[in-house]
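One chain, chain A, appears in both complexes that follow, with chain B as partner in the first and chain C in the second.
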Partner chain A sequence: MGHKAIQYAQFALIAIVVMTWTLTPIYHLLVVSLTPVQDSFAGKLWPDRPTLDNYVTVLTQGDYYLTNFWRQMANSIFAAIMTCALVLFIAVLASYVIGRMRVRFGGVVSNLALLTYLIPAAFLAIPFYQVMGVYQLLDSIWAMILAVTTFTAPYAIWVLRQYGDSVPRELDEAAKIDGATPLQILYMVYIPLITPAMIAIGSFALLHAWNEYLYAFLLLNDETRMTVPIALGYYASDDDSPWPVVMAMGLIYSLPPALLYYSVRKYMASGLTSGGVKS
Partner chain B sequence: MRRLATLALAAIVLGSLSVPALSQDLTIWWVKGTNIEEDEALKAAVGTWESETGKKAEVSFFANNDVTTKVLASLKAGSPPDLTFSFDYDLAFSPTWAYDGDLVDMSDVLMPIRDEFQKSALDSVYLLNGTTGKRSHYAVPWVQMTPHIHYWKSILEDAGFTESDIPDQWVEFFHFWCDDVQPAAREAGHRVFGLGQGYSTVSNDPFFNIHIWLNAYGAQVVAPDGTLRINEPEQKERIVRAMEEYVRPMKNKCVPPDAANWTGGDDNVSFINRKHLVEMNPTLSVPAAIKKADPNVYLNEIRTRPWPKAPDGSSTPAMVSVKQVVSFTSSANIENAKSFLRVLLRPENIGPMLKGTLGRWMPVMPALLDDPFYTDPADPHIYAMYRQFTETENIPFPHAYSRHYAKVMAERIWGKMLGRIVLDGWTTERAYDELAERMTELFAE
Partner chain C sequence: MAHVTSSRPDVYTPSGPSLEVTWGLIFLIPYIVVFALFVIYPIGYGVYLGADPAGYRHVFNDPIYYRTAVNTVVFLLLAVNLKMVLALALSGFFAMPHWWVRVLGVLFLLPWVIPHVPSIMSIRWMLNSEWGMINNILWDMFGVIGPAWLVDVKLAFGGVIAVHIWKYLPFWTMIFVTGRMAIAPAYYEAAAIDGAGGFAMFRYITWPMLRNLFITSMLLSIIWSLGDFNSVYLLTGGGPIDRTNTFATLGIRYSFQQGNFEAGVATVITALPFLVPLVVILIKRLNARVDH
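What follows is the complex of A and B.
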């Protein structure tokens, strides 16, 4: 009883520290977003006169920098969905070919892709700008989507390949005996069994695109083609940023990915393959 | 499956909103204004140019830091915009770009209208091209700025003082706000610090401020002939003294502690929120922001003034930075860029654009100053700026003397030096040694 109580207390302590660490910035975000603009730096734990005016300003595009907010939100959604789809398309096919079809040097290719992460993304900004210019993609949302896909796909391939390895090969062989082609095995066996990993990787890619700043401002020019983080950037370098409005904007922008995470959370757990094969 | 199809359809519809632009005759990247009037005035000038020439232009607005990064990337990639403006070009980039032969010579745009510009503004864009070994006008002067002082008159009076109590001597001036007004204002119920001077590397303001201090203490880092003087014993003594005086208020808790991390706008917000009494800022952005929020506060509660007299009793000159518009030799439409500049520089175009900034910037064309907008004594801020520019000596920042100093700004080594003292606890001497060593290296490149 004593030992269990101590163990429980230890877990509780760690949980409190982690919760505080995680929630304090979000709490600050919330508090400042509810603070009147003229009290931005009041430094209160809770505003004296909490207000929703900052949210109204954002939702009604009531500030000059927010003129295209909803348009930019649509661009963010589009970029996130397309990046997610592209990354999944590439990663699923690559992991299947490398992991299940056992192509020569597949493992080397998979590991080489990870080398992308040895070079900081910022160092590749200029080459990317040049490449997008050559393909006439500058100032197109597709330039940003392709850039983010490039940085996200190697990790996605690696994760799906590792996850795919846990799927029993006997299932492929059983399907082959039943006459399934490799493509049918991919659709009917492989993809259904790696769905949890796909959801996790899809969310990762989606969030990567959702939060992308460097390549977004670098490759996009027109305000109506920009994503929300660039509009947030206007405030960061302004002389008198209304921080409560910026915080409200940040909070609103963080809601879709948060909702997405909680809606797919149950799929994140692995183990869907258990019982798939008789041992 | 149906859900997926709906999602895909929605994505395609949204995607159709984002069709890339067709190729243009003129591409302009400009810093986004803080007021809609600024950007609309530029767009109006573009409209005039389009109707006069029958050509099409695309104007894109970015945050100040972003436009610089974008231009650097596009320049390296060989496809820079045809025309661009950022507040950082003159301080950190133009001298280097001109030396490397990257900038278009704007003499044919400027010389026919040279009499319309202040000589100092034209001098500031008369840069050295290392390829040809000759100087020429490699940028177009757009606006100019000098650091001002703003203070809360209303809080000063709440603390039991009047404006006539403010000393006009350097040391006494800062002691007054830190040692007299700050405690009295706190006793009167204001949670306030005396001074609002920054110490971070992420803002240009500390760079401007420290140069005002250096000048006040007679320190000359770069001689007008471009020679680096930082290692001369006499200059070292003065520079160290200026640095010590600059960080003293922070050490004495007369500056908000977060000043060590302030971005370019954080000092403004802190002052506007009455968290410090005295603000030092290179434009009138603070009064402009207050005017938008509450014209009564603008007129009656805050004041703008020039710097106090230097410690030796001499008057403190206005250190001026002239902001520049540039075009690159690798730009696709150089002649269109020049053609547009000829339209933009017409007083009927540039005048409203500068007024659209609510007076944040001082024009570089004297004719534009013959306007009550600048000369009305009833305006306690714009008129104070007008007087500061016209009644005190104007001197440039050191980058005007040496292109190498642009690298000093680009690396923000003055901000790093301040951070060494206030954040890392280094002695001023030690921070000076690191600063001098790096600056010497940059000048040797």
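What follows is the complex of A and C.
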């Protein structure tokens, strides 16, 4: 009895410390976003006069830096959806060849993908920028979409391939005996079987494109062409910016990924991690 | 030629394997195109830029470069080790089968899910020495004047490390939770009957089962942490006076703030002797995991 109580007290202590650490910056984001602009410098645990005015300012584009807010939001949505579609298209096809078809070059491609997965993205940014210049893609949203696709597709191939290993091959063989072509096996057998992992990896690509900072920051300069995180970065680095409005903008932008994550949480946990670092 | 081939029907094989190869190649085209255009070509371009000795002369004559090299080593040693050990320990907590632990686990992942820019901006503002929430609370509750968090070099770099851990600890904890879930409960039950305590269970069951996953994760984390641009750039911008850069931000700074792409690439290339062996080991390890 006493032993149990001590154990629960320990757990409670761990929980309090970990949650304070985890949630403080997010709580702070919320608190500042609810603070009236003239009270920005109060640094309070809870604002004296909480207000939603800052959210209204963001949603009505009511500040100089917010002139293109909805346009940038549309860019973010477009980039996320296109990245997701491209990553899935590339990775489903490649993982099918590598994991399911008995062809010799599959292993080589698999290693190339693995290599890309292991390059720190920040290290390739400098020549990547130059190459995008050569392709005339600077300041086009496609430059960013392709950048995120380049770095997400290898991971997607890896996860889908591992997941594919866990579904029985007999189905492929049976379909083959019935005269199905590889293309038919792909969309009638393979894709239905790996759908849970596709949901996980599709969400991962969406999150990645939505949250991307470095490549979007380097490749997109025009205010009407950039995604929200870049605009937010510029807004925040101007000393005259009203911080409560900046934080409201940040919180608005954080909601979609949080909602997406929680709605596909089960798929992500099984698809991404047991698929193995990611292991 | 075609005539000769068709006159030897005995060599002709039915379409089975070649059909497979044709489709295989077609299916790989999208990835190969992406790989060639956006990985091979940039790497080639990087090698070309990196062949210019002027870039190396520039970085080796810049005291900031040496400062950055030390920072990068400290960052990898402190941030990666702290993060991974904490993740391993916390995974024990989050693997417990209580409903309230699951609820906390959901909240715990928020830092990993929400975008870098708003969350790190929030931390930056929180640490503001005059108007930030932390120093305000220190003053209101204890009458202490808090330090100038982001102006003092050591504290600012500590802040960078804290931001990195805050952001990525949840992800690695989740990885180790999954690893722990895969251990059959029967081992623990048997050990409990034998009277093993919590530490003995970790020492003789959990650790041997998780060791491989832990080492692979550690290596991956080193590589990715080496490329962590956001934790540095968004918190301190590499400052004060360029003292908190790591290789990830210094290369970008040379290239895009000073317009010296050769120096930027040279910075990255000088990190390769450290990076390449890690990549080779990891490719072997990851492939070995797939094969068995």
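As a convention for this text, the second predicted complex is superposed on the first by the 231 of 279 C-alpha atoms of A that agree within 3 Å, B and C clash if a C-alpha of one lies under 4 Å from a C-alpha of the other, contacts with A are read in each partner's own complex, and residues count from 1 in each chain.
Everything below uses one rule, namely that a residue touches a chain if its C-beta (ideal position, glycine included) is under 8 Å from a C-beta of that chain, and two chains touch if they have at least 3 such contacts.
This is a predicted model, so every value here is computed, not measured.
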item	value
Which of chain B and chain C A:Leu138 touches, first, second, both or neither	first
Of chain C and chain B, partner touching more chain A residues	C
Partner chain in contact with A:Thr149 - chain B first, chain C second, else both or neither	second
Partner chain(s) touched by A:Trp243 [first = chain B, second = chain C, both, neither]	both
First (chain B), second (chain C), both or neither touched by A:Val103	second
Contacts of A:Leu218 with chain B and chain C, given as first, second, both or neither	both
A:Ile194 touches, of chain B and chain C: first, second, both or neither?	neither
Contacts of A:Ser40 with chain B and chain C, given as first, second, both or neither	both
Which of chain B and chain C A:Ile126 touches, first, second, both or neither	both
Chain B versus chain C as contact partner of A:Phe11, first or second or both or neither	second
Set of chain A residues, in rising order, touched by both chain B and chain C	40-42, 125-127, 129-130, 218, 233, 236, 243
Contacting residues of chain B [partner chain A, same complex]	7-8, 10-11, 14-15, 17-21, 27, 29, 32, 34-36, 58, 60-66, 69-70, 73-74, 76-79, 263-265, 268-270, 272-273, 275, 283, 285-286, 289, 293, 360
Complex contact set, residues of chain C against chain A	19-21, 23-25, 27-28, 30-32, 34-35, 37-39, 41-43, 45-46, 49, 90, 93, 96, 100, 104, 106-111, 113-119, 121-126, 130-133, 135-137, 166, 170, 174-175, 178-179, 182, 213, 216-217, 220, 223-224, 226-230, 233-234, 247-249, 251-252, 255-256, 261, 264-265, 268, 271, 275, 279, 282-283, 286-287, 289-290
List of chain A residues in touch with chain B within their complex	37-42, 64-65, 71, 74-75, 77-78, 81-82, 85, 125-127, 129-130, 133, 136-142, 217-218, 221-225, 230, 233-234, 236-241, 243
Contacting residues of chain A [partner chain C, same complex]	11, 14-15, 18-19, 21-26, 28-29, 31-32, 40-45, 89-91, 93-94, 96-97, 101-103, 105-106, 109, 111-116, 118-131, 135, 146-147, 149-150, 153, 157-158, 161-162, 165, 181-183, 186, 207, 210-211, 213-214, 218, 229, 232-233, 236, 243, 246-247, 249-251, 253-254, 257-258, 261-262, 265, 269, 273-274, 276-279
